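There are two complexes below, and they share chain A, which is joined by chain B in the first and by chain C in the second.
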Partner chain A sequence: MSKSRLLTRAGEAVLLIVLCLIIFGPMTGLALWSIALRWYWPHALPQVIGPDYWLQALGLQKSLAIGAVSIMGAFKTSLIIALISVVLVMAVAIPAGYVLAKYSIPWKSAILLLFLLPQAFPQQPVFVNLLLLFNKLGLAGTVPGVILVHLIVGLVFAVWISSATFKSIPPELEEAARSVGASRVTAFFRVTLPLAAPGLLASAVFVFLTSLDEFTGTFFIGLPFVTTLPMLLYSSSGYNLQFASVIAIILLVPSILFMVIIERFLKAEYIGGMGI
Partner chain B sequence: MPALRLVNLTKRFGKTVAVQDVSLEIRDGEIMTLLGPSGCGKTTTLRCIAGLLSPDEGDIYLDDRRVTDLPPEKRGIGLVFQNYALWPHMTIYENLAFGLRLRKIPKDEIQRKVSEVLATVRLSGFEQRYPRQLSGGQQQRVALARALVIEPSVLLLDEPLSNLDAQLREEMRFEIRELQRKFGITTVYVTHDQAEALVLSDRITVLHGGKITQVGTPKDIYNRPSNKFVAGFIGLTSFIEGTVVGFDETRGYAIVKTSDGLEVQARSTGLHSQQKVTLAVRPEHIELLPGSQGLSRAGEVNVFEGVVLRMAYLGDTIDYRVRVGDWVLRAHTSTNMVLNHDEKVWVVLSPDQITVIPE
Partner chain C sequence: MSSGSPVAKTTIEHRGRGSREWLFPLLLLLPAVGLMLALYAYPFVSSIYRSFLVKGEGAVTLANYAKARQLYLRDILFSLEVSLLSTTIAAVLSIALAAYLRMATGRIAKMVGAVYRLPIFIPFVVVAQMMNTFLAPHGLLNVFLAQLHLIDLKAPLQLFNWKGLTFSFVWKQAAFMTLIVLSGFKMIDDSYIEAARSLGARLPRVIVSILIPMSLASISVAVILAFTSIMGTFTLPYMIIAGEPTTVTVDIAHRVTYFGDYGVANALGTITYLMVSFAAIYYLRYTVRKSIYEVQEG
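What follows is the complex of A and B.
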């Protein structure tokens, strides 16, 4: 191996280490904090470590000494809300995105703007207003109420992404299917939908993660009866850094899981053929 | 009985009329080209035939069956697009089998039909590949096969060669022509490329501004353009405008006088005196003579004095622009005939090779 190539290799290795530090460095801190039972300055590493906070959070140990509660209830609530939000959002976003992409409908930009509107104002006033409305409708403090809020947040992105996805598929592909005998519905399900799947999946994942992380809306509409994981995280982050770290790591897991899924689907074979 | 008949077809997009009152009969087994510049309505017409657009007025008949209101999947028409439009998530086999499976044809018959049609487009053995693994020319052959495998009554091709490079395009012209002959399938071919149209077609329909301007065989269209647009669009043409002032009865020529005083004789076809006409001449029908040679023929019928404005060496010929009176004529000569810019030249026009277009 020549000298210059050796240097390039070394440079690449250094760059990779720096990147890893940037990405995983802060997470190492989280991991350390989540198992730290005692960690005082100026020690670089925790003095006493143990899985107590994890066991406590996962509901496997019920000690009153370390001021942490089981997060399993909140985790379940978060997951249910996120999953239902994804299903409902996609049920609206897929047809809406398709119609917006394929047909020239009157008031198209006005409709797209309507979806954006809730994001155009500061969140707090919007949600306080919504709370007043939801109080009247009996939705405040209920899971359906929180889901509705998450829908408002998720729909914007989902409709925009799915409309862009459908727009990127050449209309001739569907027309060719029609010409060989496929009905409108068959052509959609056999040609357009499979080709749009990666983009739609990406937007579903996005909605899922947004819902899982959502704080402001849930805070106004859900509390005190609906507690999601971010609620717990915010309320414990001030006084119990270990417990907050455990929740943060648990919140990270679905994100990383979905990143892997997205990456797999976006690399799927047929994407390469899309550049017609 | 025509295989495909368009009757007073009109299609508007908002206020613009894309296709206006187009009536056309396409015979069984012929290849008809819709030729015209972009925006002439050729693709709109094709999409109406395919059922992808519904016309505002008029009717479409397939084998005397009115199909105007049928959705595309019920028409049994094969379609080939400029961008091939192969389904990227399916293998070549699946692309071809898709339409057959929808028809509930038994599996072994599908296999037989697919391998048969792949053989005719010389792509046997490509069944398990994906479209992106094929070259542009191969993809377009698969697209052709996909349209043919369902045994359509009519095949529609929308600029199928425009995405290919020049050399491949030329080969594919013949290939399409051969396939069409082999299957004997009635074909409508849309293109803006006049060379393609001349090579491929049994007949050509020239469209301009949403209207039909001429229908005829390639020879007709090239040699006897019925109007100035067709003459100018197909091949290179020089125009001279003038008025009929008399006739040479013995030879059957009309004498046309231009505003700048030239007298040109051309074969008369039912012209009358004082009629305003446009004379169209192809560059290969204009003879150029250098000064010394031409001088001896000065004064003869259809011999004019001119000046070379511009020359371009094209390899096999030289393309000259020559000014004669107020007119600029384009002539193609052999490469040993070298004239310089501003050089005096004699232009000879054969009266039999001038097309007279009445105003």
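What follows is the complex of A and C.
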């Protein structure tokens, strides 16, 4: 009995090691490249390392020798777009999520279907045709145009997560507030909304991250005039691996950090939409 | 996150207050639905409609499809092959991993449970950059294998093709699929598994006869979402595939950015819709029914 138990433990340990190699291997490559000043094969590790690309990227050092520029401009653009997207998306998604959770309304299946379509079909053709539309409207290559695209990408998740959050709040609480004279609006703001706050906050963080990491929509609508962090990462990945790796890590850290915190609020299916 | 029968109570009550009762909720829905109609549904329908139009010709035509077939048939098949292969590998790995996590207890299982999910949170553009450095001819993977004397660095593995793409898709999607499959496995009562084990069933037998058949819904949602996501991903193949063949998503971008040829781009886009249509329709029907059921019946 104990021999087979030992074997099981050994098998588990092997599984953990293989898993760690597969998961952390590519991440290690990124970390090494971000500090590699010289790394010629067949050397297994960089020959010269240093923080130069990090300093350059963060605008703390200006050297023409290593061909990296500051990311601060792109960082600001990304941050502004993400913050505006979050505010707009949540303003629209909270009422919609509430209605879908609590009311029986006509055409409900059709409305649910509309909010599921982006998850079920590839989105790239939609961005291509938005580009046509935005060309006519003068929105292509502008920050407002990119915000509109991020709005659509984030809205779907925000509506589903808010709806699931409102569904989880027992309606008796709102009913009780109304039975002592609170109007429906007061009951919503004083009772339901505070209870839903953690879930809604998770949803807002989720929208923020999808906007920060969004690539395909920004590629079609934003290029070549709107440079967000993912666009800067893409354009430098061809010629400057170190600089691209620095940006990749800067995008990676908030994603992992925030998502580990908010994960328990999210259904598995929504998390799959990350980083399209 | 469904809350059970209390929801049904309000639903009935709201409905009971006369026909004007649904006007207010519809007003609250309007901004979200309006945005989706204008910025999603319209371009979605337009992508299908425009695939039948050729510049300068009024009539509906199949010319774009003929051109797409002539120029990109190899890539269409390539996309389908890579998507099917990646989804299959990721499905097998995720079912095995989820089964392990469902059955195992102890510290190692906890650590495996913490580590496996990391790729879920990593955006595709970062995965692409990671794989760019990891899978390169003199990248970390080849150097590592050479240190183990498994390959010779003078003839490194060439991975910027279907192999590297499949590896990257599996790396990213298997974690997400494990999460969904595991949530299905967790809903199965321990007594079923214990009964089977006490009758002498080994782990593979438990997976095949109990875990999989009782979580078919979760497994199919995981498989469908992974498949459609892989088929629609542009970032990863665009950044790591060198040369041909490549995926349809990359071809669409080329058609638009180099040629301004929206007709063929939309024909290719509609072909990707068709390739995921069976999976997509199953998923839509399943999820809409489930949502309606959750609200009205609890």
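Everything that follows uses one rule, which is that the second predicted complex is superposed on the first by the 220 of 276 C-alpha atoms of A that agree within 3 Å, B and C clash if a C-alpha of one lies under 4 Å from a C-alpha of the other, contacts with A are read in each partner's own complex, and residues count from 1 in each chain.
Note that a residue touches a chain if its C-beta (ideal position, glycine included) is under 8 Å from a C-beta of that chain, and two chains touch if they have at least 3 such contacts.
All of these numbers come straight from a predicted model, not from anything done at the bench.
Asks: If you stack the two complexes on chain A, which partner ends up touching A:Arg190: first (chain B), second (chain C), both, or neither?
Replies: After superposition on chain A, A:Arg190 lies in contact with chain B alone.
Asks: Does chain B (first) or chain C (second) touch A:Gln124, or do both, or does neither?
Replies: After superposing on A, A:Gln124 lies in contact with chain C but is clear of chain B.
Asks: If you tally the residues of chain A touched by each partner, is the higher count for chain B or for chain C?
Replies: Counting residues of chain A touched by each partner, the higher count goes to C.
Asks: Just checking: does A:Ala177 make contact with chain B only, chain C only, both, or neither of them? Give me first, second, both or neither.
Replies: first
Asks: Per the contact definition in the header, classify A:Ser109: touching chain B only (first), chain C only (second), both, or neither.
Replies: It touches chain C, and chain B stays clear.
Asks: So chain A touches chain B in one structure and chain C in the other; where do those two contact lists coincide?
Replies: Looking at chain A, the two contact sets intersect at 170, 172, 175, 269, 272, 274-276.
Asks: Show which residues of chain A lie in contact with chain B when the two form their complex.
Replies: Interface residues on the chain A side: 170, 172-173, 175-184, 186, 190-191, 194-195, 269-270, 272-276.
Asks: Give every residue of chain A touching chain C within the complex, in rising order.
Replies: It comes out as residues 9, 12-13, 15-16, 19-20, 22-23, 25-30, 32-33, 41-42, 44, 91-93, 95-96, 98-106, 108-109, 111-133, 148-149, 151-152, 155-156, 159, 164-165, 167-172, 175, 213, 215-216, 219-220, 230, 233-234, 237, 241, 244-245, 247-248, 251-252, 255-256, 259-260, 267-269, 271-272, 274-276.
Asks: Which bits of chain C are touching chain A when the two form their complex?
Replies: Interface residues on the chain C side: 1-3, 6-7, 9-12, 14-15, 22, 25-26, 28-29, 31-33, 35-37, 39-44, 46-47, 50, 100, 104, 106, 108-109, 111-112, 115-116, 118-134, 138-141, 143-144, 146-147, 153, 171, 176, 179-180, 183, 221, 224-226, 228-229, 231-235, 239, 249, 252-253, 256, 262, 265-266, 269-270, 272-273, 276, 279-281, 283-284, 287-288, 291-292, 294-296.
Asks: Quick one: in the complex, what on chain B touches chain A?
Replies: Within the complex, chain B contacts chain A at residues 50-52, 71-73, 75-79, 81, 83-89, 98-99, 102-103, 130-132, 143, 146-147, 150.
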